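Each of the two complexes below includes chain A, the first together with chain B, the second together with chain C.
The block that comes next holds the complex of A and B.
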């Protein structure tokens, strides 16, 4: 028999590509890349069993296969539908798909509080991107939004159940990465919520990855909570020799000045984690000395995170000292003598959890 | 050279007449203009006793707004700072503690908020960017100062007075123009 398996020919948005049998339409589209790839809120390549819940990746199948070229009667979830030979798929070229996606976004946003100004995920939130692309300007929903009693998930992870879109990614993460899953989805239908049955803190090793997989701001890093906005931070790739056997210590450090504000796993172009990292790397190593810096993370120029990062700028040579015969120029005003923000004496990154008014009581007043 | 416009006036270099040589008609003509101005309305405004009306789109000193209950609107989302072309705005956020609900409108608030008025160009992009109606450019100038230090405006300088506790100071800080438009009787 032939060693190489027969490749399937798929056409997505008039672009033809050969993929292996058993590939999902989403994966085939991602192989082409660009706008052809449908957005995915619940599907995660590295999590077995994920996908099929959010319906944002719906596509139209115009021809099922060469053997049976009838179109599929309904839009299908591309993350859970495998390709067939000769399949013709329409994603952004189909009016029906775009229309359906707009509807899905409206559904996802029905109970979403839209508190982006407060949310730590803003700027790297997939729901934000999705609604920016597909959402309406206002809501047609007239009823009170779903609210929940607050659940405390311990010192590392902050849960905002109102923002959750029930993608189940965090449940799969806990199932597949940690020894014992301690949280899950309780109740049914409109009442379903992510919680631990009896209030428990999540502190399994690797549980911190639920923060990275969460497509919205439902699970955020408590050690980074409200410390800064992601677009003011500078992502830098770094690694360390992690003692944990399953963790290879490859991370992204988020700097503000000299301070490491948070540590996350590295993410690929689809916003998916490249390597899972352990809790120690994520929550406890917030000093530059703990890490070996590799260089700045490549951020898409269209991302808000790239604002203010002047890439490739050469600093002009400081000639003032030379011109003045070795004397340093007199500084007319040191901003830190007046400003109370970014005070070098206060390391926000060293405060556990979010800062409170009490943390600023001991400030040096001018 | 060819004239580019039709406004060219050819200067005639004729010898002056007797009347012109006395310069008296010229002097009288000039003095008439001078005396004429004495009876015209004075354009000078005695600032600061009197102020000229601001245009509706005037962009002056910033204020940080409060809501009707006197809670601070700003949630330190950082959009003003990211919109600021002069990078004049900096802030630090904190979480609201239980018991501080009357002070701050949302869960997160700006515990420190600074505008460097030396950098600010009064473009008003912060006002446009604000999703919470928290920052406004008012109808006052940034007062002059002898030192650079006086131009770093913190929350004490920027925050509008409490509308519940000090309604008069609040109305004054909002400026005349804002009061007029919100009052239907004034139209």
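The block that comes next holds the complex of A and C.
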């Protein structure tokens, strides 16, 4: 009988874990979980060859292995570096890493339009999370941001090239999931862009998955465009017997009231798709009757998507009066006296559906 | 007069053709290697010679060759990196244009040592006329029996192919070169795996610079030990330098690495001093990517020793007070040159040539160029200089390939040594538009030319 494969001992941020040989540092860190896992904007477990490009997952290797305990001279991309036995990795415990990561986030944001208020990805955007964690409150970039000529990718997929961070995930997706890749990266350097060579739309049964893999709002669902904000939607797991041989029909439906606003693949805790779904499931089946409902999707409590689902949230204590020695703060203008919408007596999370001015005008005392 | 091994015959009329080249002793190394030596012995000779890669990084060639994985049944490739696109470097062009057979000869010997049966020359797209010269040389060599099947009756087969690039600087990076050679977009690969394990078409590959491969010829001819006696310390053999800028005699020179920087700039045998009787302000000793050095640090190291033209001496003092041998693109700036404008030009180049794959280089190079443009045009702020420093610090070391470092180092060195000039640009916005030279630490020649 063959021996069980020897496990490698690797220490990440002072936490030691045994992993199989051939595991990347990132995967080992994800096994530990929590803050130890470096952020990844371009790496995607399911896509072969992805990773190494965004540089947000850089970590410091303080000791290469037991056999060769020298530290690595540069920070390494944890998604593409495999662990060695006895490796010591520093992620959030290393100032160098934090500093470099802040720099990367700044680089990613200098040409990003920051149009989150009108972006469909807002709320489930990895760049938003990343900049919330590592970004600065203001920018040092004083030049016009980069713009591109618009490309139309057909009836299903909307491309916003200005938001793209060139992670190449969609290129790998089209390469590995579809028979023929029709889009790719054109040009070079800071003007390189995702596009089809001569303007054409993307036609393929699985091309809709590029929407799910896109970490930002560069590729969004045209059938969902501007329809709703993700945090108003309630995700529900569902499945159907899909006739497509490569699609198993396991999806997440996004409800608002009775209406299915969009269908996406199911994602795991790292925001990665569990099973690829076909275009028919994604774009065509938007009736509850098309699906067999399994139950609500578990959403992390820290996600903005879960915000709509908690009623009766405990509010923080009002401390203003306390710190001001019992005096009330002096208001320049009491906004509640002029606006009905900002009525503190109304709890937004208790309103079913989108809030309209009528919700506020009716003396809502629930 | 230093010893010349590579270009001493370049002046012989008709050396470009096979007849003359053969008459002048060409292809002797192929005969010697294939008839009297095993491939491992050739590799050992190269190891003994201490030859260091002439492309820029200076990695020992023999060691690189010995790293080549040799699994059974998998082809191995040798790729000659002739994508010489570094601003200021034009030594390989000289070799390929004037003595193409030297490169072909070096390729045959090296392919024999490495066991490569298909060897590629990846040549820079802008060198549009040189592929014809190389093709001509290859067909001549083939007609004479140095290429093809069963060379010299040893049973060794070899074909050499010439592939033109499409004009991207990044394709000079070895893994981007391999991607481009495979017909893909020229993006650098993420290492590991290194090309010695998994290179061209997933097979073990060695990528070497033109000059490195050409230097294999004299190494085999005169033996590795003899070759190692030329030069100093770990800088063995001869090195081609392409000198340009404000000097009297720009051109390609072969040095044996025992001369001083000062001699190289001021002696009539080499650059012949600064043009128009001006004074030396600064110099980039090894191609645009390496740090610029002000005159006082160029001629003497920080310890006060005379700086010599070799790998160790040029990098003496680290990046704070030294530079690098690099690819041998020796760019000289006289007292009238503006370091800010010079740095901006380099930043523009790196912005244009970044492949756009990884974020620090894609975004950072463009940002640096914009800031430098502002400073150069009198629209800069004092804080911009610190910002530039911070940006280059965040690019350096955080990218996939060395282009990020190459973009960061010139900016870093310019600020480190010429911060006063940057500040002068910020303080005198109007004057800096009229008069584009600033302040510098001059050094006059210590030895009269």
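As a working rule, the second predicted complex is superposed on the first by the 307 of 366 C-alpha atoms of A that agree within 3 Å, B and C clash if a C-alpha of one lies under 4 Å from a C-alpha of the other, contacts with A are read in each partner's own complex, and residues count from 1 in each chain.
Note that in this section contacts are C-beta pairs under 8 Å (C-beta built on N, C-alpha and C of every residue); 3 or more make two chains touch, one makes a residue touch a chain.
Because the structure is predicted, anything quoted here is derived from the model rather than measured.
Look at A:61: by the touch rule set out above, it reaches neither chain B nor chain C. When the shared chain is aligned, chain C comes close enough to touch A:188, but chain B does not. By the touch criterion defined above, A:278 lies against neither chain B nor chain C after alignment on the C-alpha atoms of chain A. In the overlay built on the shared chain, the residue A:53 is in contact with chain C alone; chain B does not reach it. Look at A:165: by the touch rule set out above, it reaches chain C but stays clear of chain B. In the superposed model, A:226 makes contact with chain B only, not with chain C. By the touch criterion stated above, A:305 is placed in contact with neither chain B nor chain C.
Touch criterion met: A:122 reaches chain B, while chain C stays clear of it.
Look at A:74: by the touch rule set out above, it reaches chain C but stays clear of chain B.
Taken together, the chain C residues at the contact with chain A in this complex read 168, 170, 185, 190, 351-360, 362-367, 370, 387, 390, 393-394, 397-400. Put simply, chain A touches chain C in their complex at residues 51-56, 58, 74-75, 77, 80, 99-100, 103-104, 106-108, 110-111, 140-141, 143, 165-166, 168, 184-185, 187-192.
Across the interface of their complex, chain B is touched by residues 115-118, 122, 225-229, 231-232, 304, 307-308, 332-333, 335, 337-342, 348, 353-360, 366 of chain A.
Of all the residues in chain B, the ones that touch chain A in their complex are 75-79, 81-82, 87, 90-95, 97, 100, 106-108, 111-114, 116, 131-132, 148-149, 152, 154.
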